[in-house]
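Structures incoming, each one as structure tokens.
Here come two complexes built around chain A, the first alongside chain B, the second alongside chain C.
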Partner chain A sequence: MNEMKAMFSKKTLIKLVRSNMVPMLFFVICLGGVVASKLSFLYIVNEIVNRLDRNLFLVLSLIIPVVAGMGLNFALVIGAMAGQIGLIAIKVWNIGGISGLFLAMLISVPFALVFGYATGILLNKTKGKEMITSLILGFFAMGLYQLVFLLFIGTIIPIKNPEIVLPGGVGLKNAIDLSLIQYALDNLLSVNIMGIKIPLASFILIGLLCLFTEFILKTKIGQDFRAVGQDMHVAEVAGIDVDRTRLVAITISTLLAAWGQIIFLQNIGTLQTYSSHEQVGMFAVAAILVGGASVTKATISNAIIGTILFHTLFIVSPNAGKNLFGDPQIGEFFRSFVAYGVIALSLALHAIQKNFDTNIKAESAELK
Partner chain B sequence: MGETKNTYIIELKEIEKEYYGNKVLKGVSLAVKQGEIHALVGENGAGKSTLMNIIFGMPVIFNTGGFSGEIFFEGRPVEIKSPREAMELGIGMVHQEFMLLPGFTITENIKLNREILKDNIASKIFGPKLKTLDVAAMRKDAKKALNELGMNVDEWLPVAGLPVGYMQFVEIAREIDKKNVKLLIFDEPTAVLAESEAEKLLDAMKMLAAKGIGILFITHRLNEVLAVADNITVLRDGEKVGTMRKEEASIEKMAQMMVGRKIERVEKSKGRVEKNTEVILSIRNLYVDMPGEQVKGVNLDVYRGEILGIGGLAGQGKIGIANGIMGLYRAKGEVYKNGKKIELNNPRKAMENGLAFVSEDRRGVGLMLDESIELNIAIGAMQVKGMFLKPLLGLNWIKLLDERKVRENALKYIKELDIRCTGPTQKTRQLSGGNQQKVCIAKALVLEPDILFVSEPTRGIDIGAKKLVLDLLVKLNVEKGMTIVMTSSELGELRSICDRIAIVYDGKIEGILSPQDSDTDFGLMMAGEYKSHSREEAL
Partner chain C sequence: MKNLWQKLVDKYGYPKVFITILLIILLIIAIIQKQSVYGLLKDSLVRIGMNSVLVLAMVPSIVSGTGLNFALSIGIICGLIAGCITIEMNIVGLKGFLTAVLISIPLSVMAGYLYSILLNKVKGDEMTVGTYMGFSVVSLMCIGWLLLPFRNPEMVWAIGGRGLRTTITLANKYDKVLDRLITLPNVDLPIGTFLFFAVCCFFIWLFLRSKTGIAMMAAGSNPRFAQASGINVDKYRTIGTILSMVLGGIGILVYAQSYGFFQLYTGPLMMPFAAISAILIGGATARKASISNVIAGVILFQSLLTISLPVINRMMPEGNLSEVVRIIVSNGVILYALTRVGGNE
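Moving on, here comes the complex of A and B:
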């Protein structure tokens, strides 16, 4: 009897380890990186808090489309663009501080809704291939974005402000200074605990988003998301408007991404007009995958754990590279290698884990 | 609504429907009264499913050009354009394939898209979509619906792990939980159920009808029709052959109307000359992880040149044996052919060793639905044996498809097996179930196997084709000496052509019987009572 019990607990332990294989592996890598980087603990914690503040909102915006069965929404990029439009607008009108920040959020709303709706329509036409579609759609949108801000500004859109417009009078500058809203949110309510600066206002906002996500999954529309995510056909036969539900999911995600990008940039303080949005989708996806999410399952804790682990790796990898290989260049290389490698690795690990789960099931059946 | 007693709940008038120029319904009329169980019988491809899809407003109908004819619901003409509209009218459907979400609990499935909601601040501002679910009330309703059906299962369990029979009842519970339901459509609900479960289901149907719900019951099983139906409509090739009252009906009459010719019962017709006991295939301690059909340690010997039947109730694991040996589901154990061990979990190795399999899952495993008949027949042999290939410009390492041979081969089997099609290039998706099955068998035969595994060869096939398939198996066995292992849910079919019948219970072989053994022995074995046989259980 005791033997059985011991075996049982061992089995559950193995199962626990296996089902959290991805975050655990990255935890070990992070630990190694932290040691190798020889950075002070306080520095690392400060950086992690900072990056959670910056990125978590964006990562959280991925959850709803996953629940609705649309995979990881690489089209976050498009939402980020809507956010940047809001920021450019307040820069033009020169409205700073917290009111500027909220105005930017407000301005981004109609853009995000339209972009999200359009994305949703396209994704409804490419069911089953949402991830690759949203990835490519992101690239395509970047082209349109460049067209608008490089060519239309100063010609069709009358913006003259020499601080942001290129010397020729056409097109926005490469970098736009956002110091008028930098830390507007972070410094609104900030506490310092044992040398760690915590931007409470930002975290309250992120907390609200967590609550919102939890709440919406408990509502009728949330139940529809889950139903559609599991089986579109069954949901359709039950009378759920599948296309509409998916549209709502992707629109919410796009809107959240717009706001997430605004929070991100208020922390950074500079808008790289043509590249700030580039990596948004990729990095958010990588972070949530590291946190143990998959194409079909994502939770708030996945987002939080993933963001912590992924960015820890980001923080320590240049130094670790320098210390280990004597060349900071290798650390830099390691950094971009990590971002893409993480996506590939965690997708592969998830496949392996799935296989393992079925094996476990078979063995337990044989034991009976 | 008081007068609905005398009027019909639903009346279909002169329904016609075409799919790609192919007329599948040619002016069918049908009417169901309150509290009536109306059975709709017909062969595969007779148009039953299409008719149901029309009543339920399935998108497939409108994506293919709609239909003509009229539908009256409670005396009023209606146009049903979506499942949602059908449901709003009070039409419920219990589908042939389960319309359940495995990750949801029983409650969530029963209440799918009809969740009980309660207000919160957000919903008052932003609309009803943001109302929260009232889980407690939902569970209470679900429990009530389950109790009504006599189901004793916890309503918070996820559907994923439930036995198939339970899933069917969850579907029915969902329909009766709909307060306004007036017409229930059962689309071959007993197809996946074991006999005892099927009986329970028929009882539930009678109970529902007694409450005044009209029931449209589609089935292949004619004895079930006689057991519950008040009226019976027979369809054949998209036409209504006739409607009769239960008192006028008999199995022979219905069958005759369905196929339009007198059917002969398939009986064991061959006298076997010798009893061969040379073991060709030996299965030892086989475990197969096939969901719903777990095999838990099977030991079985197959003799050369016999037809071995594998029977048993649904969910006991009979289907898993062949699937495991052929490497389609994860298997563990030992399988020896002629004393040589066969590698498991490797379909290619199994086929190279002279095993071939006709899967019970025709449309999923058996066929590439969007490819031609000829390619479907050839593909297995092409991959495993390198047949139907020719070298490019004499280079042996670049092989091209030999289209001429593929065509010849396909024509041969189309003729031999009487595959009804427009030609060898027709897509298999467009074939009826019986003809698809014939393509599957042809595909296996091209491999020229020593042992042919056939799973549920007559499932979803009309009576005429059934006999043809069984005759074909006997012919292969007698003329070519092929060893056949046939898995089937239909005991009568096994007893008609098999030499020995192994009955599977709880993932193990309960015992092996001769087809001449008594019904009682078969019954006991299938119920797992054979070994602990006592008189009172013999009934």
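Moving on, here comes the complex of A and C:
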């Protein structure tokens, strides 16, 4: 009896280790980085809280497409653009504070819905290649975004505000000051615990998103997401409109990304008009993967753990690089390698697993 | 009229027809603007020669069935390492260029072989995995460029004396050695580079007609049938990948001698995308490509980029609109190709 119990616990322990390999590996790397960086603990914790506030909403917006079997949504960039459109609008009308923030969120909704719907249509045409398509789509959209904000502002879209428009009267400036909504959400309800500043309002909003994600996965549409994610053909046979379900999933993700980007920028305080959105998809994807998610499985805890670990690495790597190699650049290169590397690794592992499964299926079919 | 349009599109595919029309419109505008058309065409030819071999590198990878080589940056890095080695050894002129090509080949073969082991395990997902493998190798090499033991003061940072510079000038090394290999009086065209490209094309053409080449194309176009008829599909995919990487390495050296600089660090990051767009514009798909696709594609894409720059800047001096055109066109054709491939089934 006792023997069995011991074996059982050993097995679960091995299982636990195996299923959390990636986060544990990164925990060790982060720990090493924290020690090597010689930064004060309080500083690191403060920075982590700050970056959770900034990024977690964006990372959470990746979960639903993963559940619906569409892989990691690199087209998060497009949602972020919708969010920035909202921010540019409130800047033009000069509405600040928390009301400005919510107005920006409201304005971004129709854009995000249209963009999300269009993304969904394209991804339905490229089933099985969603990730490379969403990545290239992100690049493509960046081109269109530049076209609109460099050429159409001042010519087709009548915006004259010299504070944001380039001196020639056409095109938006590279950097737009958002101090009118900076910390609007973060400072709404903020507490200080032992020198750690915690923006409660932002975290309440993020908490609501977690609840929403949990809730929607339990409803009818959430069941459909899961069914489509497991096997499109079976879902089709079971009477689920696969294309529509996928459209809904990607549209929700795009909308959440728009709001996530608004929360991100209210913390940063400056909109880099042509580059703020560039890395959004990649960093969010890398973060959730570090947290132990895969192309087919992602949970809220993956998102939270991943964001903490990934951004700890961001905080400590320049100092760690400087202390270990005498060059802060090495730390910076290392962290971009980690971001790309973890994505490459997890995409490769997923593909290898998929190939392995199809080979076994083919062999067993031959045996029959 | 409608019939003609349909015929054109059927024969050449949307990307080629649209880009050709765009190019003709741009040329007409250029003439109206009284731009020097001779100058524009000459610049286009230089750019075409510069990028030609990089685009050719897509052919072996597509016909062997591994799809568009989004990880071409790995081959490009091998070429750059070889180039830096020749500068370190102070070999200049045509000899320097050819030495760099010779050094790059074993490096690319090795890298291509290792990469193909991965590719053979991720069949069906080569493009997604390849893109991020390329990105991660480029970012890992960023650390490499800082730490590699190169000592030549012309290459390392002046301050600190460690780590290679982001751009290394090739003036007095092998700047334009191919471009100016053959000079005709009163004609300043990169004839040598075209000749080199033609030789490369000829070898690939010959290879695709050899026994190995035909088996490789069979393995690429219908892997299951090929496997059933006794062709080792994985072996030919490996050969295709290695060949693509080797051409990538040589391609960047051709590019650099014409451009005049090596771009290290994040320089190679997006280079595969330009080559991919070019071959797709030339009428290739993710499954089918030929040397004529390469030639048509590199001519159309590079002339478009070269001619759009002064023409659009004259029309719209503000902003960087020609860059925007580049982003939209190059990613647009890749997206179009992806929708053509369809699902995995």
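Simple rule for what comes next: the second predicted complex is superposed on the first by the 336 of 368 C-alpha atoms of A that agree within 3 Å, B and C clash if a C-alpha of one lies under 4 Å from a C-alpha of the other, contacts with A are read in each partner's own complex, and residues count from 1 in each chain.
The rule we apply is simple: a contact is a pair of C-beta atoms (placed from the backbone, for glycine too) under 8 Å apart; a residue touches a chain by one contact, two chains touch by 3 or more.
The structure presented is a predicted model; accordingly, all values stated were derived computationally and were not measured.
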item	value
Contacts of A:I216 with chain B and chain C, given as first, second, both or neither	first
Contacts of A:A201 with chain B and chain C, given as first, second, both or neither	neither
Chain B versus chain C as contact partner of A:F337, first or second or both or neither	second
Touched partner set for A:A238, first chain B, second chain C, both or neither	first
Which of chain B and chain C A:L324 touches, first, second, both or neither	neither
Which partner, chain B or chain C, touches more chain A residues	C
Touching both chain B and chain C, residues of chain A	none
Partner chain C, residues of chain A touching it in the complex	122, 125-129, 131-133, 135-137, 139-140, 142-144, 146-147, 150-151, 166, 168, 170-171, 327, 329-330, 333-334, 336-337, 339-341, 343-344, 347-348, 350-352, 354-355
Residues on chain C engaged by chain A in the complex (per definition of touch)	70, 118, 121-125, 127-129, 131-133, 135-136, 138-140, 142-143, 146-147, 163, 273, 316-321, 323-324, 327-328, 331-332, 334-335, 338-339, 341-345
Contacting residues of chain B [partner chain A, same complex]	58-59, 82-84, 87, 93, 95, 99-104, 108, 112-113, 115, 117, 122-123, 128-133, 287, 289, 294, 296-297, 330, 332
Residue ranges of chain A in contact with chain B within the complex	215-216, 218-221, 223-224, 226-227, 230-231, 233-240, 358-359, 361-362, 365-366, 368
